[in-house]
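In order of appearance the chains are A, B and C, and numbering begins at 1 in each one.
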Amino acid sequence: MLQTLKTTLLKVIDLTALGFLEPYVRLAYGEEPTKQLRKIGQFTVVPVLVIIAGLLVWATMISPNVKTKSGELPSPTVVASAAGSLHQFAIREGNKEAAYVATGEEREAWLADVEAELESIGAEVESANATVVEARKAEAASKSERIAPLQAKVDALKTAMKEERAAKQAALKEQAASLPVGDNPQRAAYLGELAGLNAWLDEQKAEIDTIDDQIKLIRDEKDPAVLAALSQQTAVAEREQYLKKMAEQLGEDNRQARVATGQEKLDVAKTTFFNAEGAAAFNAAKKVISAEERLAKTEESSYAKPATLYYQIQRSILCVFAGFFLGSAIAIPIGVLCGLSTTFMGAMTPFIALFKPVSPIVWLPIALIVASALIPDPDKHWFTQWMWELPLIGQYKINPAFMASAVTVALCSLWATMVNTALGVASVDKDHLNVAKVLRLGFWSRLFKIVLPSSLPLVFAGLRISLGVGWMVLIAAELLSSSEGIGKFVWDQFNNGASDSFAKMMVVVFIVGAIGLLLDRIMVVFQRLVSFEGSIAAV
Amino acid sequence: MGFLELNHVSKGYGPPSNRYEVLKDVDLSIEENEFVAVIGFSGSGKSTLVSLLAGLEQPDAGEVRMKGNVVTDPGPDRGIMFQNYSLLPWLSVYQNIEIAVKQVFPEMGKAERKTYIQGYIDMVSLTNSEWKLPAELSGGMRQRLSLARTLSMKPEVLILDEPLSALDALTRAVLQDEIIRIWEEDKRTVVMITNDVDEAALMADRIVPLTPGPAATLERSFAVTLDRPRDRTTLNFNPDFKKLRNTVSTFMMDLNEEAKSLRVETTYRLPDLEPLDLTKVG
Amino acid sequence: MLTELLERFVTAPRPRRVLPGVAAAFLVSAGTASALGPAEVPAVDSGETEMLDLEKDELKFGFIKLTDCAPIVIAKEKGFFDDEGLSVEVIAQPNWKTLLDNVISGELDGAHMLSGQPIAATIGFGTKAHIITAFTMDLNGNGITVSNAIWEQMQENDPALDTDQPSHPISAAALKPIVEERIADGEKLQMGMVFPVSTHNYEIRYWLAAAGIHPGMYTETDIGGRTDAQVELSVTPPPMMPATLEAGNIQGYCVGEPWNQQAVAKGIGVPVTTNYDVWKNNPEKVFGVTKAWADENPQTMLAVTKALIRAGRWLDETDDAGYLVNREEAARILSRPDYVGADYDVIKNSMTGYFYFQRTDKRAMPDFNVFYKYFCTYPWYSDGVWFLTQMRRWGQITEPKPAEWYHATAKEVYKPDIYLAAARMLVEEGFILEEEIPWDTDGYKPATDEFIDGKTYDGKDPLGYLASFQIGNPE
């Protein structure tokens, strides 16, 4: 039993190409402990140490030294806290959504909690504000203390320079009056003097500039106390804002509350209608109907939640798979035909060669125009309507921008699959084809029973490359098409230009990398599943 | 007229300017249920002969006939067991046989097919390995599977292309016995290609040596008159067997000498020599 | 349907229901109302919204990450859309072109737009589509920033600028010698603006031309607008402006907030002037929808306009001392990453009425962003005509047009009837005051000469205005 478990575990590890786990399993079964420990050292400890070293280099050497006027490279801790704030944003928006539809006792209890917190936060806000003001004052005081002598120096230099310049210029002007006419040494000397004055002025200016630069540097310095106070203030203020909104969502803006108001209005309208006579009855009846409709809409309403990073990640993954499947659906049949027929291959080669190097940035606008033309009004078009009603993917609101991004992903990623499929089909083992001949398999049986299974490992190697390319392309496509997703998140952050925007973009670097890695591993598993002895080795 | 016939068959490759004649003017007639062993050195065109018999390739000149009809394409009536097994590596033992059975006997019912396939698996002693992939089988097991797949098609002629050459001596002996056993149980025409005189003498009714290439051909045949069943342990002491083995071996060695001298001559290609003469000598 | 509604709310005399709070406020603020609208906006007791028969209650509005998207964001966050029964998603757009395309394609129901966008789309400059607006979102709010190097050269040319707080307005006169020097060297100064039909383009052109610097003409073949240019203008997305300036690709730009304050905060440039100095209280952004959408959803259009008017009012609400009470909260909301997302500190400056021209030069600019006062939210025909004159001046409109064409085009785009119907309902409901809306106007603001070059603009005489310029098409 235990032995089977071990074999299974080792098989899974092999299948998923997670070789570094193997020594742990073997060690757990007491198999050659020294050898396993050496392997653990080699494949786990060393990489971990390298990662730690990388983080240390990043934290101590790179991020403190990479500072431009546009921003600075965030340190690992800043990135971690940015990840925290992104998570917090998602949690808060989730709470707001839940609060809107909360009902009954749960709602009341929640509201009470929120209100209590809201009450206690007032003091916090004030103290945070006070801290900021004080920190600012302290900063300003210390800066002006440091700047004052420098400024005095600059002022003194400037005045001195101006006076001297005025004096010398006056002297030169006077001298000019007494210059004899004609080309003579005196005139030459005069020119020299004027040039000397200019040179002296430049020197003085340079000196002033140096001190000015020092002053600027001091002004640009960011006081850690102020920064800390500001971030504290922001955190508290954001919390207050969140609580206020929560109080509204749980209180007057809550769906239950709205439904109650709607019901009241309906009752009033009904009473009016029951008592109305003549032409008034018609208008009153109309009001009853509209109140009923409104109530029904209110009952189904939900909080218009902004996109959170989690939602964007999910949508991106959906989009990359949509594009990937679309691309594969095009690439595999064409690849098979190319592999089967050299004529077809010859016919396709110019197209492949022409379109393969085209960048996603070129495909996207074209795809966007086509998608928008196909679906002129996404709110009413049957296709989008149908998509939005679907379970699971309905919530991702597939729209033309999404489709354009997916098509772009498809167009950029299908080439690897197509070329690999063609290669796989063209290079089926001759012996296998002989088997087909001896068995007199028809075209379709030969295709599905011999050719395709035999070329699958190469096809999947192509699919794996395609998915990797697609994932990279998707980020760019979303960024351009403003299709809700990771790409749009990056663009929005870039647009925000806030002090933590770079840190948030760094968070995305890791998320994109991790998802890319995961997608690759999934494809490796598939590739290994379809591989057989003698097929192109999977990596 | 033989059951399976090769009439003046020639086969070569390459463009006319640089043609390589593999087989030249090959004649062979095989009777129904006869076990013929074609023996030859490596590179003498044995595999080409197999391809022609199976119909995978067409001769340049002459014809291959089976039951009087010219062979134009491969078919399950000539079951071929390839030198390198030709198993489909993505299919299990069972599925490898199934694909053949389904194709050859499409009218067979599901349950019947299952028993039928199982029968062949049992016949080649692969019971309990039904769901293993070829990669998980040893060389002998793979060869047995290949044999089972070929037999399951119920071919009228069984063409064995060096079926045992890749195996170690022990496995080889076991499989030789097995093939003979199966053949005796269920008689049919067999053409076996081999490079082992002992193996040919042990198994076949007739041994046909193939002269070394290029332009290989069949010169004469040696009938094996040993009684069946032949027991390999006692056979070594059988004088007939010894004599046969010596005759065939000597014949083969001579052929090889000739071929060697031929090769030396052709390598130098002196302008005085007339290639036609030399071929006639060969 | 729409006309029926309009009749109901605009023409039909109805008894006025004045809430006690409103009445009190009326007395306080009555004195400050003028031909240009009230300069102060007192708080009102909230009323109760009367629900309209909405054709569509789940809406998507687009915006660009600029502080002047505030009315849309506030209407959502403060629940003004909710009060109308609307569930609104507010989605950031990557650039003005995509925003407009998304509105036209129906992906968005409406959006925060540059004033020039609905006009240009309607007359077919760029993408053609009939876009209308019933709501002007704000006045002012832009600045012109030059790089540190240019600023130093300007200071050399005009020593009066070489102080910590030079006197404003700063004209481009000090820039002219630099431009000429560059041209003599075979180079042209490069400056950035955000979109060919943006207010920024017209403002920076106006500022340059007022000092005799030719910013280039658009022609049928030159859609980049650089023919005869002494300073070449190019389109750069707002968030890219500081980086592009720092990289030296451009030497100056005209852009909305917070991108001028960013330049100061990062020390890479100096805002020399705001558009308040170029044209005092100039219209900036509008809320645009397609005409087809408005025709299909007249009630929804009214409801949206109501919510936006309330949002504008909330943004400009002041206490007795004239302090903008809600701006800090607005800045806090706008600094959320899904809205403008810039640091609170940076947004706060301009939103609360301050502007840093240099580190050392912080000035109070209470009217830097105007969202409601001075009848700001009313869709003035005269605003539309001004943009048309600028499009003609710089050759974006290639043919001379008769004066009637200017008026007719402005009327195709600006829809005060919808605005007035919405405002009437809000007065009835007690959310706004009677005198905050210019009920009796013909849609043309009085003539004004509050431009940097002192020219007089009268919306009723576009051709006369065009003829008054030395640079640009005179007719």
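Operating definition for what follows: contacts are C-beta pairs under 8 Å (C-beta built on N, C-alpha and C of every residue); 3 or more make two chains touch, one makes a residue touch a chain.
Everything numeric in this text was worked out from a predicted model, so none of it was measured.
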| item | value |
| --- | --- |
| By mean Cα position, the chain sitting nearest the middle | A |
| Identity of the chain that, by mean CA position, is farthest from chain A | B |
| Chain A and chain C, separation of their C-alpha mean positions in angstrom | 30 |
| Centre-to-centre distance between chain B and chain A (centres being mean Cα positions), rounded to whole Å | 65 |
| Centre-to-centre distance between chain C and chain B (centres being mean Cα positions), rounded to whole Å | 91 |
| For the chain A and chain C complex, residues of the former touching the latter | 68-71, 89, 216, 219-220, 230, 234, 237-238, 241, 245, 248, 253, 265, 290, 293-294, 297-298, 301-304, 306-307, 368, 372, 376-380, 399-401, 479-482, 484, 488, 491-499, 501, 504 |
| Residues of chain C touching chain A in the complex | 51, 53, 56-58, 65, 76-77, 79, 82, 85, 87-94, 98, 101-102, 105-107, 109, 238-239, 242-243, 246, 258-259, 262, 266-268, 329, 332-333, 335-338, 340-346, 359 |
| Interfacial residue positions of chain B with respect to chain A in the complex | 54, 56, 73-76, 78-80, 82, 84, 86, 88-91, 99-100, 103-104, 133-135, 153 |
| Chain B partner contacts - residues on chain A that touch it in the complex | 431-432, 434-435, 437-441, 445, 449-450, 453-454, 456, 530, 532-535 |
